[in-house]
Amino acid sequence: MPYKHRIARRAAQEIEAGQIINLGIGIPNLIMDYLPPGQQVFVHAENGIWGMGPRAKAGQEDPDLIDAGAAYTTVVPGAAFFDSLMSFAIIRSGRIDVAFLGALEIAQNGDLANWIIPGKMTPGIGGGMELAQKARKVVVLTTHVAKSGQPKIVKNCSLPLTAPACVALIITDLAVIEVTAEGLWLRELAEGVTVAEVVAKTGAPLQVPSDALPRF
Amino acid sequence: MGNSKIFSVGDACRSIVDGATILVGGFGQPGTPNSLLRQLLAQGTKQLTLVKNDASEPGLGISPLIEAGRVDRLIASHVGLNPLAVAQMNEGRLKIDIFPQGILAEKIRAGGAGLGGILTDIGLHLGSSLVAQLVEVDGISYKIEPALRGNVALIHAERADEMGNLVFAKTAYNFNPVMAMAADLVIVETAEIVPPGAIDPDHVHLPGAFVDRLVLIEEFGPEYGVLKHHALQT
Amino acid sequence: MPYKHRIARRAAQEIEAGQIINLGIGIPNLIMDYLPPGQQVFVHAENGIWGMGPRAKAGQEDPDLIDAGAAYTTVVPGAAFFDSLMSFAIIRSGRIDVAFLGALEIAQNGDLANWIIPGKMTPGIGGGMELAQKARKVVVLTTHVAKSGQPKIVKNCSLPLTAPACVALIITDLAVIEVTAEGLWLRELAEGVTVAEVVAKTGAPLQVPSDALPRF
Amino acid sequence: MGNSKIFSVGDACRSIVDGATILVGGFGQPGTPNSLLRQLLAQGTKQLTLVKNDASEPGLGISPLIEAGRVDRLIASHVGLNPLAVAQMNEGRLKIDIFPQGILAEKIRAGGAGLGGILTDIGLHLGSSLVAQLVEVDGISYKIEPALRGNVALIHAERADEMGNLVFAKTAYNFNPVMAMAADLVIVETAEIVPPGAIDPDHVHLPGAFVDRLVLIEEFGPEYGVLKHHALQT
């Protein structure tokens, strides 16, 4: 299974029946394929959907129906459309139970940086800052290290923050790491990965339980 | 359905505690959640702060709660149609805070939209008499009106689907969506609960994301009908 | 013709085709009976109507359709319903062309007081403060004097203001008076009323043109 | 009809002057007023400040105006899908101001709702880097985000009636109503103009009170259709 799908499949386990979730662009969007069938989950999209369904099949696209990443999508029965004001009122008032976001850097205290590399990448903020700051739980889905090989999980972020101390859980191609008041805890390992590899590729102190770790 | 939102009126309202701040939909009678308010009266909840556009009329809407001495404070824009509320205010038994109607709506919306408040020039000439903080932006003075939220919202909708998506009817729309946006627990009474998909997603007035509990109205008393004293006489 | 209807009939002449108007409770509401037929006027009601029609006939009331004064009403084809937020966004953003309001006192500079008599009458503000402050034109419809016989048009208001310097035109049972930068000008007289009577019952300097005044 | 709101695209847009601030509906392509933007390009209007959620994609939406050098400043929340806009920014030819998406919407709504601005805690950790004024309410710090208005709004609606009441389709809803609320002149392109009464008053998304001019879309170019690069490949 490609690592992106492994991450998405594991991330789907963080969702409880009846919750409202928001999926960022990229790996988070793949979670749609792993939502537990028959369990009611409400997917919110910033561009004005509550009750988003899977991506539209080829030939069945509706030009007026896209997700927040501009891909053609669908809705489930009982969906609602609304304007951008209502969409972000849902976000900022704390009605999103879990937001799944990407990351450039995550600090050991849960600080998240994912919106700008000054002088290099300036895509804009979009809805990420409000999601990171106001969702009840923020789960970051990312590769464990950057393309340069540098750890993405660090003691302190060097980039401007999206939101401070917002991340609760980090799911990478190598591990599941929980952000706690006592620092980072290794909770699970991807198939074929060792504790030593995760520790080596993590740029902040990582606490490891003495028990055997579950695999995902 | 994983977690059903459909409750009996008793189960829906039981968790409302004494001292709660309750946001109530309605402008006059249309859109007023009469059944939920009747339940609140029956279960004896007291020391309430109510937030509603108006004080209703004697015997209607929130007035029975006021008449029974269950309301300590009312935040509203107009109380002129309820002499009983005005009398309690004059006797010092009911504290009433009055805001311009649209500003009251905006304060609540700020609470419901996760904002700290709004800046307005309405009533600026009254100075600080409404306990407002002043601020200057680009050389213009504004009042800061802090956001307002409630523990509970009591809402009346024409129709709901099982997901909690709501549709309001005509002028029964009014304060209902904004009240629902700004409360921790949102309880909706409605005339009809339909399956998911029965409401066109483009016709939803308030998405179910804001709705926690749905109650089917069991008894449409005369307060839901035409009030003769507001009708043209033949 | 009863004076209230005379005032309302005269007030209707202030409305131009295509305008959006708002009618306060009482005399202003009677304007509905005098809207020029065939001329498109959009009546806004604070409780969420754009395109209000005449009051509902007996037996044809809809419990969900009232005006801002709680009377059962109707809508014209092409009406829209909306919530209180949208209703006041229309008002405060200046989209109401003419607001017709009642008054307790009007000062010679256009100050309006109509919402409170401290310690005596506290009905609340309702939508009046926003209408008075933000409508493009405010027309006051009122009896010329209070029930006590005291003039309602005064040099300075003694009551808390609804809005300062907002009134453009005053239409009473006796006269039409314009509020200008140079003070109050008598513009029209009701049938059977003399200039002397209007001047006597006005508590502020009233300028009278030398030409014969129209009657209404 | 006394004053018809129906205009040709040329007559509707002719009064837009150089240097205007223009609020543009749309999130990606859905809801983007392509025909009105094409007219703006054709008539040569320049030195524009555009306010739109995103910078569109090359060749689409507002991008042709940017590519032609007609835009001095763009106020948006996201420009990542338009490398041409980013390149102009890096070359110093286009000034881009970025706000969090919902805060951008709220700034515009404040302008459209006759408010001076809003108080928000979003991005508070960035301090004053977004040139914001700070204020404390009940011991909590907020940024003041001043209201934002435009001279003109360009809107795309699915359907309009002759009164200007608008209905939006699915995710083409997005920023359209808020942009229409906050401009002095509101021009709407739509696929269909129906007689008064043909739209149920309970289904209107934006009342005609905010709409000045209606333009019937004459030519539905490929930019209104399915964009292959955003579709799943079979």
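Order of writing sets the labels: A, B, C and D. Residues in every chain begin at 1.
Everything below uses one rule, namely that a contact is a pair of C-beta atoms (placed from the backbone, for glycine too) under 8 Å apart; a residue touches a chain by one contact, two chains touch by 3 or more.
Predicted, not measured: the structure shown is a model, and the values here were computed from it.
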Determine the set of chains touching chain B that also touch chain C. D
Centroid from C-alpha atoms only, then distance chain A to chain B, rounded to Å. What do you get? 36
Would you mind pulling out the distance in Å between where the CA atoms of chain A average out and where those of chain C do? 56
Taking each chain's centre as the mean of its CA atoms, chain B sits from chain D at a distance in Å of 32
Name the residues of chain D that each touch 2 or more other chains. 106, 109, 113-115, 121, 168-170, 173, 201-202
Residues of chain C touching 2+ other chains? 81-82, 85, 88-89, 91-92, 130, 134
So which chains actually touch one another? I want all the pairs, not just one. A-B, A-D, B-C, B-D, C-D
Listed in rising order, chain B residues that touch chain D in their complex are 106, 110, 113-121, 133, 135, 137-138, 140, 142, 144, 146-147, 167-170, 173, 201-203
Which part of chain A faces chain D closely enough to touch in the complex? 45-49, 55-59, 61-66, 68, 70-72, 81-85, 87-89, 91-92, 122-130, 133-134, 160-161, 163-164
Please output the residues of chain D touching chain C within their complex, sorted ascending. 1-3, 109, 111-115, 161-163, 165, 181-182, 195-197, 199, 201-202, 204, 207-210
Contact residues on chain C for chain D in the complex? 17-18, 20, 39-40, 42, 44, 50-51, 75-82, 85-86, 88-95, 130, 134
Taking the touch rule as given, give the residues of chain D at its contact with chain A in the complex, in rising order. 27-31, 53-54, 76-81, 86, 89, 96, 98-103, 105-106, 109, 121-123, 125-126, 129, 158, 168-178, 205, 224-227, 230-234
